[in-house]
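The next part holds the structures, each set out as structure tokens.
The same chain A turns up in both complexes below, where it pairs with chain B and then with chain C.
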Partner chain A sequence: MNIIFALAGVVVKEMYRRKDFYVLFVMTALLTLLAGSATFFNDPKITGYLKEICLLLIWVATLVIALTSAARQIPAERESRTIFPLLAKPVTRWHVIVGKFLGCWVVAALAVAMFYVFFGAVVAAREHALPVAHYLQAAILHWMALAVVIALAILGSIVFSAPSVNVTISFIVVGGVLTLGEHLNKLASRMEGLSQTLTSIVYFLLPHIEWAFAYRDLLLFNQPLAPWSAVLTAAVYWAAYAAALLIGAWLAFRRKTLTLG
Partner chain B sequence: MRRAWLILILLTVLAFGLAAKVQTALARGDESGNVFEVFFGEGRRMFANHFAVKADVYLHSGMYPSIFDQAAQAEEREKKEAAEHVHGPDCDHAPAHEVDTSDHGVTDSNHDEHAHEDGHVHVDEHVHGPGCNHGEETGSTSVGGHECDTGFMGKPRDWFEAMGRNFKVTQHTHLTAGKEREILPWLEMAADLDPQREETYTVTAYWLSREMNKPKEAEQFLRRGLRANPKSYEILFELGRVYQHHLSDPIRARNVWHAALRRWDEAEKGKEEPDRVGRNKILGQLAQSYADSGLYDEAVRYFEEAKLYSPAPDALELKIQDLRTKALGTAPAAVPAQH
Partner chain C sequence: MDAILRMDKLRVEYPVKQRGATPKVALHGLDLTVNAGEVFGFLGPNGAGKTTTMNVLLGFVQPTSGAAYLFGVDVRQPIARQRIGFLPELTYYYKFLTAEEILRFYAKVFGIPSAEADKRIDDLIKLVELEHARKRPLKSYSKGMQQRVGLAQALINNPDLLILDEPTSGLDPLGRMKVREIIQRLKDEGKTVFFSSHELGEVETVCDRVAIVNQGELKEQGRVSDLMKEHQCDLEKIFLKIVGYQGQL
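This part shows the complex of A and B:
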């Protein structure tokens, strides 16, 4: 376990040195504040649009951080050939996969926490309300959904030839799940034959991380909290999904021949 | 070193070239007052409807059918109609619109054009506003004549769908108590993106004047709409309503409605199927305004014309009789015409 933590620590330190997060955070903050400076019909109490823009930016920024950081971990090690001394130590390929995942996931946690603190501050300034429990639920769901995204990108980093390919495909898959995932069963119910079966299979196989994305509406429209049991169930489901993807990544990585050339 | 200087010169030239280009474009944007036009050109109109629908989503606190739900609903409706309805000589497809002449106070509602015969169904084009009769909604699905279709969700088809509903808005409520203001940014963006979309101005003015007590802002927004759509009788009609019911200026309201009638003539008169509902609305409000000011002869004149466009001329005839009686009672003290 210490090996995994050590590997994860290296990833966190690397992300700490890189500028990705800072740039995205500053951009999100600037765009939100710019949107917040607009007034509509001399009414300073309007906040819905600001919350919507800010949450969308948070999702985009965290997805970029999660995907790009996870996608480059193993290819970077291979490219710089540091993977060989790493594996020469008492470090297995499973350790590498889990350590990299854990590091990226911790970074995602820090990013999610920072973004939601910022979001809470913006909303508190405008609405004079601080629904901490809502933000906690949103952040937990967001973070757990990112576990699936990171695991997917790590699997992709082993399967695909280049990080750019991996990031592009992962973005398409994640974007598709977030926007269309919940509707596939409705589409399937209106189809017939093979297309219905295939659509249904895709629907049941997809990781339904759109639940976390949909939680934005509860924040936007000041709705009651989601049941904590549902939050826990969703977290367990996504954890299981991420674990399955990591096992898949490990199986692919185990059979991968690492060459010096 | 020399290459560095060359690159620097190249970048400077590029910067000046780009600045000249952008400045011209931005200057054009200032003239039209619309930055979206500069960046998106005519393509911006595509997004206008999206923002108008977004306003409706906000009004329903996020509980809104997706395009997939709408498609499924439309399919079901078609199937149901095909199964139940048989066309024939007994078909009664008369329009559901009736002129509303009795309701002319602050809560006036001559808005039946959206009162769908089969209840309120959300479609892309629908945005709540003058066309909706919201009555006294407090979150139920059918109160005060406004029926919102909340049955689009149905029962969850599987475990995933059931789980997902824990994180979605599943209770149908409308924004009330001043929170309707949340729809305004989306409507303003819709107007920015497509200044020729008349409905955006009338809907926004409805919410500003009636629900948010901001008649001045409503007037300004309608005037902006009028600048973009100088031939719009719908915007003039709504502007007249703001003057009549919210700014207590009936003379100006009637002047605006007269202008609306002229615009209607220009736009609709020669058409095979003119907008009868639009003319009926203007005439109804104009006549009622005259009646309220004690100008019964003028009121009778416009009610008489409204009879030609109203699907309920008998109700108007009763109104006319009533006004004629009143006119006889006040005949000695005739009021001079004010328009």
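This part shows the complex of A and C:
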């Protein structure tokens, strides 16, 4: 575990020394502050829309952080050839995969925590109420869903040679799951024969991170708290999905030829 | 004598993308043994198979057949690399970290307890004369300074075997002298050093034994003094003769 923690530590250090993440954070915080505190004609509907935009913005910002940081980890190691002194030590490729994943996931945790605390503070200042348990559930689900996104980007970084291709494809897949994932099942029920089977298979194979995305409604419309058992089940489901993607990444990386010359 | 590094009929083939083409053979059944406490020079012209041998020893490339062992452990096992230090030809380190941070990172990788790691880091930074720059990120270092950090990271686990790939390449005369001094010091401490180099004068000075490879085959190996006596010339002329140089010697 020492090796994995050491590798994750380097990822976190790299992130907080990069300026682009601060720019993204400040921009998101600023937009959240503006949209979260603006009032138009005292119309609660407009206020609700603005809150929804804030949460959408937080999702986009965290997805950008998770995807771009995870997608570049292993290609950057190979490009700058830092992988060689690393693998010349008793470090396996599995350590590299898991260490990089853990580092990116910790960064994602920090980003999610900061954004939700900030958004919660802005909303609480206006509404004079802060449903802490709702925010905690939303942040946990968001963070667990990002584990799948990060694992997917790490797998992509081994399969695709260019990080830009990986980021683009990962964004399309994640965007597709978030927007269309829940509708696939309904679509399948309206189909017949082979197309119904195929659509159902795709539905069951996809990582349904849109469940975490949909949790925004509970925050926006002051819905009752979700049962903690459901949150735990979703977390275990995403953890298993992320583990499967990491094993896939390791299988692809294990036999990859790396040569000094 | 104890064999620290052993290669048995090591053969490496690289697949060729062209359809029907035969694979490129980089090493043709290399047999080599390096004993404890030796400074061993691994020589050969570009493309001779030196880097491929290093790739196999460090576990980057799997041999097609044959095997290589470090301390009696197959190089395919990561534990075989627990007691080695490796210095690549060029500096491949995280540029956003400071010298102190990179050494602490590698110490963690080796599972060195924190108090011991602190002491080793201090000693190594002193050894490579980087006390004044220890808190600066590596991106602000000159090439020579980065190479010295490389040497420090290769020594962080107090290795019994040091593998150096062209350790003085691109260094100024002072930097070369420093590397030679460190190799000599390691030899005095009873460590084993295996290094590839094109600097034959340097090899002649510091090595106990050498091996010369060409086109993936071992052409010559032995004690430097024995080879010079046998061929009645210096190492450079022996090298040129072996690689088939046709000019005036």
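One rule holds in what follows: the second predicted complex is superposed on the first by the 249 of 261 C-alpha atoms of A that agree within 3 Å, B and C clash if a C-alpha of one lies under 4 Å from a C-alpha of the other, contacts with A are read in each partner's own complex, and residues count from 1 in each chain.
Operating definition for what follows: a residue touches a chain if its C-beta (ideal position, glycine included) is under 8 Å from a C-beta of that chain, and two chains touch if they have at least 3 such contacts.
Note that this is a predicted model, so its numbers are computed, not measured.
Novice: Mind checking the superposed model to see whether chain B and chain C fit together on chain A or clash?
Specialist: Taken together on chain A, chain C would fit alongside chain B, as the superposition shows.
Novice: Put chain A at the vertex: what angle do the Cα centres of chain B and chain C make there, to the nearest 10 degrees?
Specialist: Between chain B and chain C, as viewed from chain A: 160 degrees.
Novice: When the two structures are laid over each other on chain A, which of chain B and chain C touches more residues of chain A?
Specialist: It is B that touches the greater number of chain A residues.
Novice: Go through the superposed model and pick first if A:164 touches only chain B, second if only chain C, both, or neither.
Specialist: Neither partner.
Novice: Between chain B and chain C, whom does A:197 touch in the aligned arrangement: first, second, both, or neither?
Specialist: A:197 sits against neither chain B nor chain C.
Novice: Of the two partner chains, chain B (first) and chain C (second), which one does A:81 touch, if any: first, second, both, or neither?
Specialist: second
Novice: Look at A:233 in the shared chain and tell me whether it touches chain B only, chain C only, both, or neither; answer first, second, both or neither.
Specialist: After superposing on A, A:233 lies in contact with chain B but is clear of chain C.
Novice: Between chain B and chain C, what is the tightest CA to CA spacing in Å in the combined model?
Specialist: 25
Novice: Where on chain A does chain C make contact in their complex?
Specialist: 2-3, 5-6, 9-10, 13-14, 17-18, 80-92, 257-261
Novice: Please give the residue numbers of chain B that touch chain A in the complex, ascending.
Specialist: 58, 61-62, 66, 68-69, 71-72, 75, 157-158, 160-161, 163-164, 166-169, 171, 178, 181-182, 184-186, 188, 208, 212, 214, 217, 221
Novice: Any idea which chain A residues touch chain B in the complex?
Specialist: The touching residues are 38, 40-43, 45-49, 141, 182-183, 185-187, 189-190, 203-204, 208, 210-212, 214-215, 217-218, 220-221, 223, 226-227, 230, 233-234, 237.
Novice: With touch defined as at the start, can you tell me which chain C residues reach chain A in the complex?
Specialist: Interface residues on the chain C side: 51-52, 54-55, 58-61, 78-79, 81-82, 84, 86, 88-90, 92-97, 101, 105-106, 108-111, 150, 153, 157, 163, 165.
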